[in-house]
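Common to both upcoming complexes is chain A, partnered first by chain B, then by chain C.
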Partner chain A sequence: MAKKVLNVEDDADIRTFVTTVLEENGYTPIMAIDGAEGMEKVKKERPDLIILDILMPRESGIKMYHELKLDPSFKDIPIVMLSGVSKRTFLRSQAALTEFGDETVPEPQAYLEKPVEPEDLAETLKKILG
Partner chain B sequence: MPKLLIIDDEEGIRKVLTLSLTNDGYDVSAAAGGEEGIEIFKRESPPIILTDIKMPGMDGIETLKQIKELNPDAEVIMITGHGDMDLAIEALKLDASDFLNKPIKDEALSIALKRAEQRISIKQKLKAYTDDLERMVRIATEEVKRRAEFQNKLITSSNDAIIATDEKGDIIIYNKGAEGIFGHSRSEIIRKMNIDRLYPQEIASEFRSGLEMRSNIDLSEWKEVDILSKNGEIVPARFSGSILYAEDEVVGSVGFFQDLREIKRLQKELITSERLAATGQTVAGLAHYIKNILNGLKGGAYVLNVALDKSDTDKIESGWKMIERNVGRISDLVLDLLAYSKERQPEKENCFPNEIIKEVYALMESRAAENNIEIKIDLDPLLGEVYIDPKAIHRSLLNLVSNAIDACIFDSTSKKRWQVKITSSIEENHVIRFEVVDNGIGMDKETKEKIFSSLFSTKGERGTGLGLLVTEKIIKENGGMIQVASQKGSGTTFTVYLPYQEVTENSRQREVSSRR
Partner chain C sequence: MKVSKILFVSEFEELWLDALQSLMALRKAGMNNVVFLHVISRDKVAMRRGAGYLKQEERKLKEIADIRFIDWAETLFEEGMEVVAHIAIGNIVPKILSVAEIEGVDLIITARRKRAKLEELYAGSETSDLLRRTVKPVLIYNYLSQSGKVGENPFERLLLGLDWSVSSEKILDYVLALKGAVKRVDIVHVVGEKDVAKISRMEVHKLERSNKKRLDEVCDILVNERFDARPHLYIGKVEEQIQKAASEHRTTMLVLGAKRRSIWKEKWSGSAAHSLADKSDLPVLIVPAEVK
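The block that comes next holds the complex of A and B.
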């Protein structure tokens, strides 16, 4: 059975793009437009992997990332960050959150910066999901 | 020792007088007749001369005449005998100083000499005084001349225009600075033109009422005026002036004009360069935004390729739309950047503002619908065809509506019925009011203060911060105004006021000719 990949992304263009890449590589795409909808879909669909954007209106990817990593039933779902924010900036924001007393969360399985080549995305997914 | 000359043909008199006057301390010379006396006078130039009237050869009258010709200041005392009355009167006419009757009495002689000496002394003092006075007058005149020249130089060398008139308003002073601003040469102006023809109408009429003493005018405060120069150029200038009085009488007027062209040009350049600098600063911020667009373009190309391979019509469409959308975003960005960094002249034409609003609505509707936002339009039916810049309206409203939609998307209060409303209405004084109202996230005071002042964006990498700056700039270029009212959590209203002109045959023609 095809593996389910959830993409949480507010930009419609990127959703279309990721959907196409997933379909081309034999995965079942599930889409959500923000963190809140993303958490709903996680609970309902139990994806095998999550591709997560960081800057989104209403609920950011950083918040959703923490929710997932701190929830025992979801913390093992691999996460690929896909964002215009650089990896360095993201890690610094994580360090800042830790300093403010949040529990330390592990780094994501992969971090991709936009714009991403379809081959790079596909290869990353393949490496993680096998 | 004062010199003294005695002229008498009688030797006895010469001897007696010489003796007695030498005794009195005079340096006495004596001559036996007029000719000899003149010779001695020429040589010795004695200030006092005693001469007999009746003498053989050159008589006393002729001698007096010649001495007075040689030196009008010489004191000539005439010695007269009985029966010389007519000659004595003639001698007086010739400016003889005094008369002594024969036989000469010592007392009378000393009085006559004393008077002569007094007159000499007075004359000397008077001369000294006169000389001094003349010197003083010369100095004073030179000083006045120097000052006048100085003032003249001040006026001619001033970069500012200095224009003075007589009490009739005819121009009598017009310097180089004035030539620079008004364009007319001095020869065309001085005594040939009056203020009514040269000055802007408002200034001329103020000067007129001042010159004719109809009212007390005060033009001393600098103010900006536009001067229409000879070649038709409108020259911005700073003006100050005053009516000139001499003892309560109006004697003329003076006006000072400073050329502001260079200053205005520099101001404009400064604004442009500041704007360019700001554009430069924002390039870094724009990088993210452009990255997103690139992402969309590349992604669109990928989706399109995949779809074409499979002949998947739906996918072809969505890939194509991605490309279209992102091409749109990048052209919007370029337009914004251009609009922001360049001066733009309003391009007015006859158009229907309500139709422009419908176009904006059509462009934004799908994006709003995707995000569960309803767009409503409420158009004033009285707003018909007007003469206005349609691109300015389109660009401003598109930016504002796009912001309004974002404000709803960013709103985290769940399950609100998000709405964006665009309205138009005709106001008084040829002004159209546009309103873009949303019930989205709203702004706090701090955010509201920043939106027009810098390249400020609340949208992270999704915004450039250019939109509102460009919108405000376009509206100002069109003589309009933009206002914002907002409350955090309940929404924002942007109100735009734009002046318009009625559609006239004139503007129609202009349009036709500009399209040719």
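The block that comes next holds the complex of A and C.
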């Protein structure tokens, strides 16, 4: 059975791009347009991997990532960050959230900065999902 | 009341990073969530004869907005704040209202918005349009008119304009929620010229005493909450006296109440709050009477 990949992304053009890459590589794409919808889809669909943007409406990828990694039911789902926000900022933000009382969260499986080449995305997914 | 989530509306031409940074004083009052909104006017991407809908232009404008917001958001993320962004196409006021509702913000921050002269004559400014239609507090910046810069903390010295209506109570509640961000509060009530024109001196003194008593009561509430607060009574035209008081007390922000009114009522009887929001060089925080 094809592995399910959830893409949380508010930009329709990038959603189309990621969907194409996923389908061409034999994965089943699931889409969410912001972090809030992303969390609902995670609970409902239990994806094998999540591709996560950061700056979106309603809930950011930074908050969603933190919530997932602190939830025992979802903390093992691999996450690939795909964003225009730098990795340094992402790591600092997670550290800042930790300062406010949460546990430390691990780094994501991969961090890709936009724009990404289709081959690089496919390669990253293959490395993680096999 | 609380001020934990703010909506920062920017067209990048009139509200910049320095305005956003000046709002970080609100962190001391519990603000931890910023919603960015950029609205691309339909005119910029609308159908053109021979070219159709300007999809490429839309992509370009969205990309520019995205890059700006990412740059602004990075600093906030690194401080552990939650930041979300909306980039939309359409009319600015309805978009502000809908995003404020979707995100459940406690405060809307926007620059003063004008329309073309003829349109403004009939429909008023976009700022008045927003103030008429929202039940959320709105902070209006107009920093391009004078020095072109925003003070480090606009919440430092507030001037509360109270008219003893329901909105005055709301203003007080809202200012109490800003505790931590505010250093000094000057509470001002203006007795209108017309109110004293046809009464005896004795009655003027009575009016003065009753207003001073009410000002002292408000002042006591603030002082009990450890605000540095002072009461002041002025007589004259409301707008002029508020501006005069702001200048005398080195105010950094005006805080005024407003009722929702129809455009025609606004046009003929006008509110001092809306007028100051349109004219004052200082940031103006308008707290609607209907705010929850």
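Following the convention adopted for this analysis, the second predicted complex is superposed on the first by the 130 of 130 C-alpha atoms of A that agree within 3 Å, B and C clash if a C-alpha of one lies under 4 Å from a C-alpha of the other, contacts with A are read in each partner's own complex, and residues count from 1 in each chain.
Here is the rule we go by: a residue touches a chain if its C-beta (ideal position, glycine included) is under 8 Å from a C-beta of that chain, and two chains touch if they have at least 3 such contacts.
All figures in this text were calculated on a predicted structure; none of them were measured in a lab.
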item	value
Side-by-side fit of chain B and chain C on chain A, or clash	clash
Touching partner for A:Glu24 - first (chain B), second (chain C), both, neither	first
Partner chain in contact with A:Ser73 - chain B first, chain C second, else both or neither	neither
First, second, both or neither for A:Lys63, with chain B first and chain C second	second
Which superposed partner A:Leu55 touches (first chain B, second chain C, both, neither)	both
First (chain B), second (chain C), both or neither touched by A:Arg92	second
First (chain B), second (chain C), both or neither touched by A:Pro118	first
Touching partner for A:Gly84 - first (chain B), second (chain C), both, neither	both
Contacts of A:Ile14 with chain B and chain C, given as first, second, both or neither	first
Identified clashing stretch of chain B versus chain C [3-11, 165-173 or 399-407]	399-407
Contact residues of chain A, present in both the chain B and the chain C interface	11, 13, 55, 57-59, 84-85
In the complex, chain B residues that touch chain A	288, 291-292, 294-296, 298-300, 302-303, 306-307, 315, 318-319, 322, 325-326, 370, 409-412, 460-462
Chain C-facing residues of chain A, complex	11, 13, 34-35, 54-60, 62-63, 84-86, 89-90, 92-93, 96-97, 99-100
Of chain A, residues touching chain B in the complex	10-14, 16-17, 20-21, 24, 55, 57-59, 84-85, 114-118
In the complex, chain C residues that touch chain A	59, 62, 66-67, 69-70, 73-74, 77-80, 82-86, 99, 102-103
